[in-house]
Structure formats: structure tokens, C-alpha cells
Amino acid sequence: MADRPKVLEKVLIANRGEIAVRVLRALRELGRRSAVVYSDADRASLPVLLADEAHRIGPAPSAESYLRAEAIVELAREIGADAIHPGYGFLAESARFAALCGAAGVKFIGPPPAAMAAMGSKIESRRLMIAAGVPVVPGGEDPLASPAEAAAAAAAIGYPVMLKAAAGGGGKGMRLVRDADGLAAAYRAARSEARASFGDDAVYLEKLVERPRHVEIQILADEHGNVVSLGERDCSLQRRHQKVVEEAPSPAVDAPLRRRMSEAAVRAAAAVGYANAGTVEFLLAPDGDFFFLEMNTRLQVEHPITEMVTGIDLVRWQLAIAEGRPLAEELDDVEIRGHAFEVRLYAEDPYRNFAPSPGRIERLRLPQGPGVRNECGVYEGEAVTIHYDPLLAKLVVWGADRGQAMERLDRALSELRIEGIRTTAPLFRALLADADFRRGVVDNDMLDRKLAAGELTPTRSALQRELTTIAAALEHLDRHGRRAARSLARGRRDHWRGAGRREALRGT
Amino acid sequence: MADRPKVLEKVLIANRGEIAVRVLRALRELGRRSAVVYSDADRASLPVLLADEAHRIGPAPSAESYLRAEAIVELAREIGADAIHPGYGFLAESARFAALCGAAGVKFIGPPPAAMAAMGSKIESRRLMIAAGVPVVPGGEDPLASPAEAAAAAAAIGYPVMLKAAAGGGGKGMRLVRDADGLAAAYRAARSEARASFGDDAVYLEKLVERPRHVEIQILADEHGNVVSLGERDCSLQRRHQKVVEEAPSPAVDAPLRRRMSEAAVRAAAAVGYANAGTVEFLLAPDGDFFFLEMNTRLQVEHPITEMVTGIDLVRWQLAIAEGRPLAEELDDVEIRGHAFEVRLYAEDPYRNFAPSPGRIERLRLPQGPGVRNECGVYEGEAVTIHYDPLLAKLVVWGADRGQAMERLDRALSELRIEGIRTTAPLFRALLADADFRRGVVDNDMLDRKLAAGELTPTRSALQRELTTIAAALEHLDRHGRRAARSLARGRRDHWRGAGRREALRGT
Amino acid sequence: MELIVKHADGDTKVKIDRRGAEYQLQIGDQSYVILSAEAANGVRSLLVDGGQYEVSVRSLGEDRYEVTTTAGAATVQVQDPLTQLAEVAHEKQGGTGRQRVAAYMPGRVVSVLVAEGEAVTAGQGLLVLEAMKMENEIQAEQAGVIAKLHVTPGQAVDRGDPLFELEPAGQPDRGAGGQV
Amino acid sequence: MELIVKHADGDTKVKIDRRGAEYQLQIGDQSYVILSAEAANGVRSLLVDGGQYEVSVRSLGEDRYEVTTTAGAATVQVQDPLTQLAEVAHEKQGGTGRQRVAAYMPGRVVSVLVAEGEAVTAGQGLLVLEAMKMENEIQAEQAGVIAKLHVTPGQAVDRGDPLFELEPAGQPDRGAGGQV
């Protein structure tokens, strides 16, 4: 660990899109020189345009560009970068990459490789958390030899429980058991299904957390053993396990629960010798019990909502920590002010089952004004390619309370225009009209449930349809008014056009 | 005064540009219907595009559109608007307009006409403030009959003093007097100059406030007699008495002074039966004495910086107060968090003595990301006309402290692009490099002094000049590479072109 | 002038006339007087019945337009009645037949789940396309037989590239004018 | 290819060649290898000597360009040597003479401070234009005589409209090839 601060004068950002822009901004504010890598698909991307330096790292596919650990470390050395910021995704949680950086004398802006490795293993991290007194989902991966053994284990952790195949995955060999009566039959069924599916009939059980929320604690840890919590984010709104809306604070967390979760998160980080920014994810049960899920050993996509309610700049602190600076005292008891939401703007078509929607952004108007923050990685006129994660931008809003923040979000979405491609924006307006969401009564499966039931399908009002008709007719008249008049005089040729088209169809 | 809240369902905005957009956003967030008036020059302006309704009010000149008080009130009645928001400028401080609204049964979102009239008169407001115990600049407009009378008055208020012609203006008949020794001679000179200039030799004297700052207090007053202060803004950076940069809190104000100034401002508002949002402007002397300047009986241009450090939405409160709601208790002791700056982006060319710069905005990239708020009234592709105030947009930044806010401002300005017209943006980058500004050591005349001394003239580095050369050469080559090659073969015609131009010049 | 605006959910007939900046529109028995002003980049401000609406219209070619309102974007096609007649005539002559399906976005073919000549049911997965790190299964819109496959696994496709052709079940009957 | 880039503060000679996305530039004795990529709306990313620079170039016609860098905008003119020769020749033949001053922005003439035939000194106020609620005094760039006034108070002017013509002091001598 650094004895005295070593200023990181030049930092290489090993990422792209909005998170590269986020890190660039922090570096520019701190007066540090910023360098980005780019793939051929990203030569004229927004992060490149905003960077002090930009270096080609390979062709478009990630495996040949943003995932080339050795090449990126080599580049950092070549250009004299003092450090690498990995962003999220790509190499951000690769302990191997962090170690490569260390070996090359380039500071990795993140935790020590050992902490990453410990948290990267599901079994190892669970063991460490239990040892550190961090609550984990009761149960365990020890095989249960008989119905009686299963019944004893279930009684110990309490119903309902979930039987799972040790070799399993994908729901095969899984059985939900609500009470002791159903256990023996479910045990036998699960074993037999596990044998059939995986050739291994070992099963174990875990307590079932019903209607859980995903609540996570943001922590900062310096390289001198200090760890602080900056409160929670509620990320329960997920589509197929992908977060789409986050908020802070959580409507389900009060001050005492926040304190308990924060203490658990700080213990979790301390247990692995963590340093830098990190997030401890928990499942929160409706009764207020919470259970360690995993730790994300990097900056999170949704970090801005914590920044909005605390006033703390997490990326600045990542830099400061990497320079060996100790955490400031005022971080010990940060006050939460107001309420923040983040919605993720993906290039996906919510009217079409979230199909990817690459293409040129013909128009981009970001909302502005009070309480609005845009974390956007693209610009108007840019072509969104098929090569990477479809996250284009995040819209973040702040309000004095949850109600005001929702009003701002709705207002901001009404200003937002992304044209030429489809995005998830319409989903959020539908969500803002949903009574459960408005009351803050959500759980991790709610979005998928509602989508499956067709409840959140964005709709077009009769008025909007009429406007579409009007606008198209006006445009057509202005463009073709003269041509149309002419076409009356050559009706026969129009018939020809029709015939030509018919031929083409027959030819297929 | 309203007994119980009357919801203002539809509000007409009697303004244009960024302030119309600001008010629109608040209405949208509150779910109220918004209507704007537009002149012919503003038919496709940003406020029109964002409004629920838009109504033509006349041709481009303000006198025939935005200043047509009767027509605007009549329109409000016609369209069933419950209220009119005047923004700032135009009719915002017209007591007559406010009275017209009242007579028509349309709520004027601002103070009662009597309060506006009282504060609109320099002499009347000074009298009221003295009666209310609000400090005013010592001295007075009573003519001084002799050098002895002048000496007595000067001794009473303390040196230095300024002798002024009662009939005066423009510096004629003014004399600065630093001590008793110089008074008699200055008195005679001022009288004789006053007689020569105005045919009236009456002179009076006022205490001279040296190197004053412009510090103003934001207040909110409800219609039930409650008034609160939301702290101060420092607007000392002015060019020819026009504010260009504002910050909150003031680097010159500590907690006890803030309390004293706040108390004075609350007394000032109470003295005239004020209601709604208002600003009490003070001159702040380096020794901490402060003096009432005037009260602005409307929303200020620079209101966002107060919103940034308090978390309070002033336009929402304007609406709530106009609906007869009482101030919330939490407004009594609002905590200031962090530091905010606002810079005003005018369509003026700082490289050309701030000449107006109308034209089409060929490119507009607003800065985004943490701590940045744009209050922008225009869009890319819009033509800025010559008809109105040249304020295009305000860039507002927030930081955890003044240093971070300055870093953010510099970063945001580095992202900002407004092309096709010139703006004041380069001035602010020059200002951020100024040692006095960075230390917060400013006064009301500093900007003019430094500009006159050529200190803040934005400069282009050798590198930037080289880049300009390179970019132009590349563009020219890409456009004309082929044509240029051809032109070698027709050198004679190029000589002809030169000759043609010569002829044209001779013809003028 | 009369136009037909074809939405995904059906056609709307419009009678439209322009007088300067003012347009007179008739949709069904509803009449509108509309003021339109162009902002920039395809954006218009429409004043209709006391309301202001920001709409954005982008030409996609072939009289197709993408219109964006506050509710999002929709693609419509505008036809004058003569073109419309030609198309109706074509359909009456039994022009529908084999369904040719093209890629609606660029991507890579991950797997082909059917073989040429195979009978498929409506909704059955036919092939999997990958774009933006997400896999998308292309399903049969109706029952029929795979008449032709144009792609193989691993192949990159562009928007508009043909993927396969489907001969709908019972099609020959319908083509001969019989009732299904 | 050789070009002359004319800045407000002087001319710069450039030798430039393109090979694909790579440009070779020589300015004075400084050589550059530059990679350029176009973003959108006139914006380019230039990679020069390990630095990335976002520049924006807009053609103003007649080989004039407005270039915006982080330091703001500047207008330059690019000429190839032949055009340059033509202009130099023209100046040598004494083509400069009466100075014609045009409005550089649209506005309204508030007042005219001089009369035709009046002798003026450099820096003297000649007329006042109003635009955007601000008044702007137009001053004489050099001493001379007002040869012609094109405007009267109250008149609206467009960008480029002639305001007045100034016959510089001593001009007839210069025109005849004499030394001033």
C-alpha cells in the first residue's frame, strides 16, 4: 500500500460508451490527462472525442479489442499511463487483469486482485461472509442423503425452502416446498429429475426468499483499512435479471435497516481486504431480513444515484483511493438528501419484445433543467453498432422526495427524443403510470411478471395515432404535393409500377 | 388572499427563451397544463415545442408582442388560463400588468401590485427600508446648503463620501471625497459643475462603499404573512452592470453575516406585504457592512444556483404560493449544501468587444454528467434573431465545495459547443484562469477593470492555431482535392477570376 | 388531395389541403385546421385544436415515414389513391404466396433450427440471430413449409438480407381463389 | 498539394498529402502525421502526435472555413497558390481604394453621426446600429473622407448591406503608385 499519495497524472480508460465518458469527466475535472482505447467501430465515438488521447486497440469484436488484457497493459506502459480505469464489464472484474497491471507497474483502479478473486468465487465468498458474520441465504450446498436429512435441514432454516440439484442449473431438479408435508415427495422428485438431467442426483436446499428486493450497499474502502458505507440503492426492477430502473434510497429501507445493512457491507468488504469503490448486493425479504448475494468489485452502472443523494463523487474517490489517500472524515456519516432514480436507455425495442435496435441516431435531444443528469455515451448522428452492450445512456433524476423525483423523471422522459433507433424509454413512461411502482411496492420479478401479463406494454393513444396520421400527411403533401398532382395524369404508369412489384414478388 | 388552495390547472407563460422553458418544466412536473405566447420570430422556438399550448401574440418586436399587457390578459381569459407567470423582464415587474391580471380574475404569479409599486420606486423603497430597519447607504438626497453643512453630514456618515448632483447622472457633478480636508473644495467644484451641466447646483452626499460586492438574498413569502430566506447569491461579476457569473454561497459571507442579511431581507419583504419569490439586493462592503440596493419582485435569472445548494425548487414554490398554500416548515432552516456557479451564455462575441452575434446555431452540444445543469432556451438549428435579449442559456454547476464547483465549470465549458454564432463561453474559461476569481476576491467593478486592462481577453494558444490550420487544410483537401488538381490546368482562368474581382471592387 | 396513411393497425383516409402555413384536414368525419411550423432536423410544431404538439417526421423512402410523437415512434406509409388501387388489384389477382422473410437488423446467424422442406407450425423457432450480444429467435408467423433457406450458421447478415422463404399451408388453394 | 491558410493574424503555408485515413502535413519545418475520423455535423477527431483533438469545420463558401477547437471558433480562408497569385497581382496593381463598409449583422440604424463629404479620423464614431437591444457604434478604421452614405436613421439593414464608403486619406497618391 502506498505510503504517501502518488498522483496519477495520466490514466488509461479500458472501456467505451457512457462509463468511459463518466471517467473522462472526472479526470478532466481533476486536471489529469485521459487516454482511451478504441476499437475500429468506436474510432469516432463520444469518449474518443472527449479524450486527451485515443489509441486503437483492435477490430470491432470485444475479444479482439476491449478484452485484450495484455495488449491494454502494454499500451498503458507505452504511453506512460500511471493507471488503468477498467469501468464496468469487459476486464473490470478480472483478477488476472488487475494482477497483470500490478506486474507491469501500472496502478489498477480497483481492489487488490486477491479481493477480486475471493469475491469472484460463489463458494469462497459465501464461506468468507459466514465467517465475517454477514447474513447469507440459509441452507447450503451439502448434499442431503435422505428425506429425513432434508426435513431436518428444512426445519432448521424454516419453510418455504427450495430444493436444488447440486449439478444443476436452468430450473431442472428444482422444487419449491412450502411446508413439511410436501417435503418427502419433492425430495424424491428433485433427485430423480436431477439424475435424469445431469446424471447426478445430489440435491441440497436453501431458504426461499419470497418477493425479494435487490438492495445493494455502496462502499468506499481506502488502502489503509478504512471502509465506509454510502447507503443503499434499490435495483429490484429487472428484466431477465438485467437492471433497468434503480432508485436511492430504497422505499423499503428505513434508517435502522440502512444501518444494519451498511454494517454488514462494511464487514463484507473488510473480510476480503477490499479497497476502492465496491458494491455489496443483498436480497431483502419483505420482513426486513437480508442476505448477501455477491459483491461487485468495481464501479456500478447505477452509481450516479448514490452520487445524487449524497453529493459524493465516486469516481473522484476511486482516483483518490488509488493514489493512496485515506478516506475523508466527512464520509463517515454522509447524509442522504432527497431521492434519485436512474433509468437505463438501451437500444432495444420495448414494443417488439426488447429486440436489439442498432442504427443511426437521427436525432438526440437529452432532457435538461432542474434535477436532471444525463450519463450519455453517444451523440446525434452516431451509428449504434451491433458489437457491444446496448446501453446508450442513463437518465438520472433527483427530487426533494420520491414523489418529486418521479414527477421529474416523467417530465424528463417527455423531453427526451432518440430517433432513428428504438430505445427502452417508452417502457419507463408506462412504468411511471403503474400503481405498484408509484407506491414503491416492487420485487425482483415484478417487471417480468407485468411484462408477461402485457401490463407495461407502452400504448399509443388515439390522439397520438391521429397526430401520426396528420404529421405524415403534412410531410407527404409538402414533399410530393406537386408530384402527386402530376401522377394523376399518368395513372397508367402507376399501374405499371404495381405490375412491376407483382413480378418481383412472384420471382421470390 | 386565498382561504384554501385553488389549484392553477392551466398557466399562461408571458415570456420566451430559457425562462419560459424553466417555467414549462415546473408545470409539466406538477401535471398542470402549460400555454405560451409567441411572437412571429418565435413560432418554432424551444418553449413553443415543449408547451401544451402556444398562442400567437404579435409580430417580432417586443412592444408589439411580449409587452402587450392587455392582449396577454385577454388571451389568458380566452383560453381559460387560471394564472399568468411573467418570468423575468418584459412585464414581470409591471405593477400595472399585475393589476390588470387581478381585475380580469387571472392570478398573477408574483407579489401583490402594491408591493411591486413600492419596491419599484427608488425613493419610496428607501424610505420604507429605513422605517423597517433595513440598512441603506448612509446619506441622503437632501441638498446641502453650504460647505459646513456638507462637512457635518460627511462627518456623520463617515468618509469616504461621494458628492452627487441632485439633478444629475452620468458622472457629471460627482466628486469622491476621501477626508475632511478635501471636502470644501470638492463641494464648490461639484456645485459649479452641476450648475453648468444641469442648470441646478443642488448637491447631496452619500457614503462611498468601496470595492463593494453585489450580494442578494432569495426570499419566499406566502400569502399568509410568512417569509423565509434561502440564503445568498454573490453576483459581483458584472460587465457594464449586467451580471455574467453568479455563485452561491458567497465567498464573502459567513454564517453570522448570512443570518444578519437574511433577517434584513425578510424585514424588507414584510415591510411591503410581499408574497411569492423575490430577491433583496445588497451592496456588501469589505468590512461586512451591507446596504439595501433594491428588491427584484420576481424570479431572478440566477435563481438556479440557490436551487442547487438548497434542493428547493423555486418555481414550484411560486406556484404553490400563488395557489394560496402556506410555506412548509422545512423552509425555515434550509441547509446549504456545496457550492454552485451559473455562467450566462449570451450571443455576444467576447473577442469583439461583446458585439451581438445573431445567426443560426449550427451546432449545439450542451455539457452533461455529474453536477451539470443546463437552462437552455434554444436548440441546434435554431436561428437567433436580433429582436430580444441575447441570453441563450445558463450553464449551472454544483460541486461539494467551491474548488470542485470551479473544476466542474471548467470541465463543462470544455464540453460545450455552440457553433455558427459567437457566445460569451470563452470569457468564462479565461475567468477560471484568473487568480482573483479563483480566490473569490472580486468586486462589482472587477470584470470591467480587467476587461479594460485586456486581462481576460480569451487567447488562442499556438497549438490551437496550428490545429485550426490543420483542420482547415484537411477539410479543404477532402472537399477540393480533385478540383485543385484540375485548377492547375486552367491557371489562366484563375487569373481571370482575380481580374473580375478587381472590376467589382472598382465599381463600388 | 386525398391520401391513405397506412399504420401497422390499419389504414386511415385523409383529405388534406394547404393554404400557406394552414392545413385543412379531414379524417373520417373529423375536420382539423392545423398550423405547422418547421423547427430543425425534421421537427415540426403543430397547432391543432388549441394544443401544441411537437412531432418529428423522417422520410424512409418509398413514401414511408417514421413519425415520432411523445408516445414514441411509428412507421407509416402514405399513398395516394392510384397507388392504392394498383396494390389492391394485385392482391385480388392472388399475388400473395410464398412468404419471404428478411433480417430486420444486421447480425450474425447463430443457428438454423429447421431444414429446407420441413413443415413448421406458427410460432415455431426457425433460426437464431445474434446482435448486440443478445440472441433473438425468429419464429414462423404462420404454419407452412420451409421452401428455401438463404443462410447458414455463422453467417453475417445485413438488414434486408433474405433469411428464408415460407410456403404457407393451404396456399395453393387460396391462390386459386378458393375459400380456406 | 500546397495550400495557404489565411488566419486573421497572418498566413500559414501548408504542404499536405493524403493516404487513406492518414494525412501528412508540413507546416514550416514541422511535419505531422495525422489520423482523421469524421463524427457527425462537421466534427472530426484528429489524432496528432499522441493527442486527440475534437475539431469542427464548417464551410462558409468561397474557400472560407469556420474552425472550432476547445479555444473557440476562428474563421480562415484556404487558398491554393494560383488563387493567391491572382490576389497579390491585384493588390500590386493598386486595386485598393475606397473602403466600402457593410453591416456584419442584421439590425437597425439608430443614428448617423457624420455627413457625406465629412473628413473623419481613425476611431471616430460614424453611425450607431442596434441589434438585440444593444447599440453598437461603427467606427472609422482609418482616417479619410466619407465618400458615400448608404443608410439613414431608422432604416433596417441586413447582414452585408452597404453602410458607407470611406475614401482613405492620401489614397489618390497611393493609387497613382506614389509612396505615402
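Note that the chains are named A, B, C and D in the order they appear, and that numbering of residues resets to 1 at the start of each chain.
We take it that a contact is a pair of C-beta atoms (placed from the backbone, for glycine too) under 8 Å apart; a residue touches a chain by one contact, two chains touch by 3 or more.
Just so it is clear, the model here is predicted, and its values are computed rather than measured.
Participant: Going by the contact rule set out at the top, which chains touch both chain A and chain D?
Facilitator: Common contact partners of chain A and chain D, which must touch each of the two, are B.
Participant: Name the chain pair with more contacting C-beta pairs, choosing from B-D and B-C.
Facilitator: Counting C-beta pairs in contact for B-D and B-C gives the edge to B-D.
Participant: Mind checking the centre-to-centre distance between chain B and chain D? Centres are C-alpha means, answer in whole Å.
Facilitator: The computed centroid separation for chain B versus chain D comes out at 33 Å.
Participant: Please report how many Å separate the Cα centroid of chain B from that of chain C, as a whole number.
Facilitator: Result: the chain centres lie 52 Å from each other.
Participant: Between chain A and chain B, what is the gap in Å from one C-alpha centre to the other?
Facilitator: Chain centroid spacing, chain A to chain B, equals 41 Å.
Participant: Give the residues of chain A touching no fewer than two other chains, as numbers and ranges.
Facilitator: In chain A, residues 50, 379, 414 touch at least two other chains, as defined above.
Participant: So which stretches of chain D touch two or more other chains?
Facilitator: Residues 41, 43 of chain D touch two or more partner chains.
Participant: In their complex, what parts of chain B are in touch with chain A?
Facilitator: Of all residues in chain B, those touching chain A are 21-22, 25-26, 28-31, 50, 304, 307, 311-313, 337-338, 365-366, 368-376, 379, 400, 404, 407-408, 410-411, 414-415.
Participant: For chain C, which residues count as touching chain B in their complex?
Facilitator: Chain C residues touching chain B: 37-41, 43, 45, 47, 50-52, 54.
Participant: Which of the residues in chain A come into contact with chain C in the complex?
Facilitator: Going through chain A, the ones touching chain C are 347-348, 351, 355-359, 362-363, 386-390, 414, 417, 419-420, 422, 425-426, 458-461, 464-481, 484-485, 487-488, 491, 494-495, 497-499, 501-502, 505-506, 508.
Participant: Considering the complex alone, what residue numbers of chain B touch chain C?
Facilitator: 43-44, 48-54, 79, 379-382
Participant: State the interface residues of chain C toward chain A in the complex, per the touch definition above.
Facilitator: Touch list, chain C to chain A: 1, 3, 5, 7, 9, 12, 14, 16, 18, 23, 25, 27, 32, 34, 36, 41-44, 46, 48, 53, 55-59, 63, 65-74, 76, 78, 80, 82-83, 85-87, 89-90, 93, 95-98, 100, 104-107, 131-134, 136, 162, 165.
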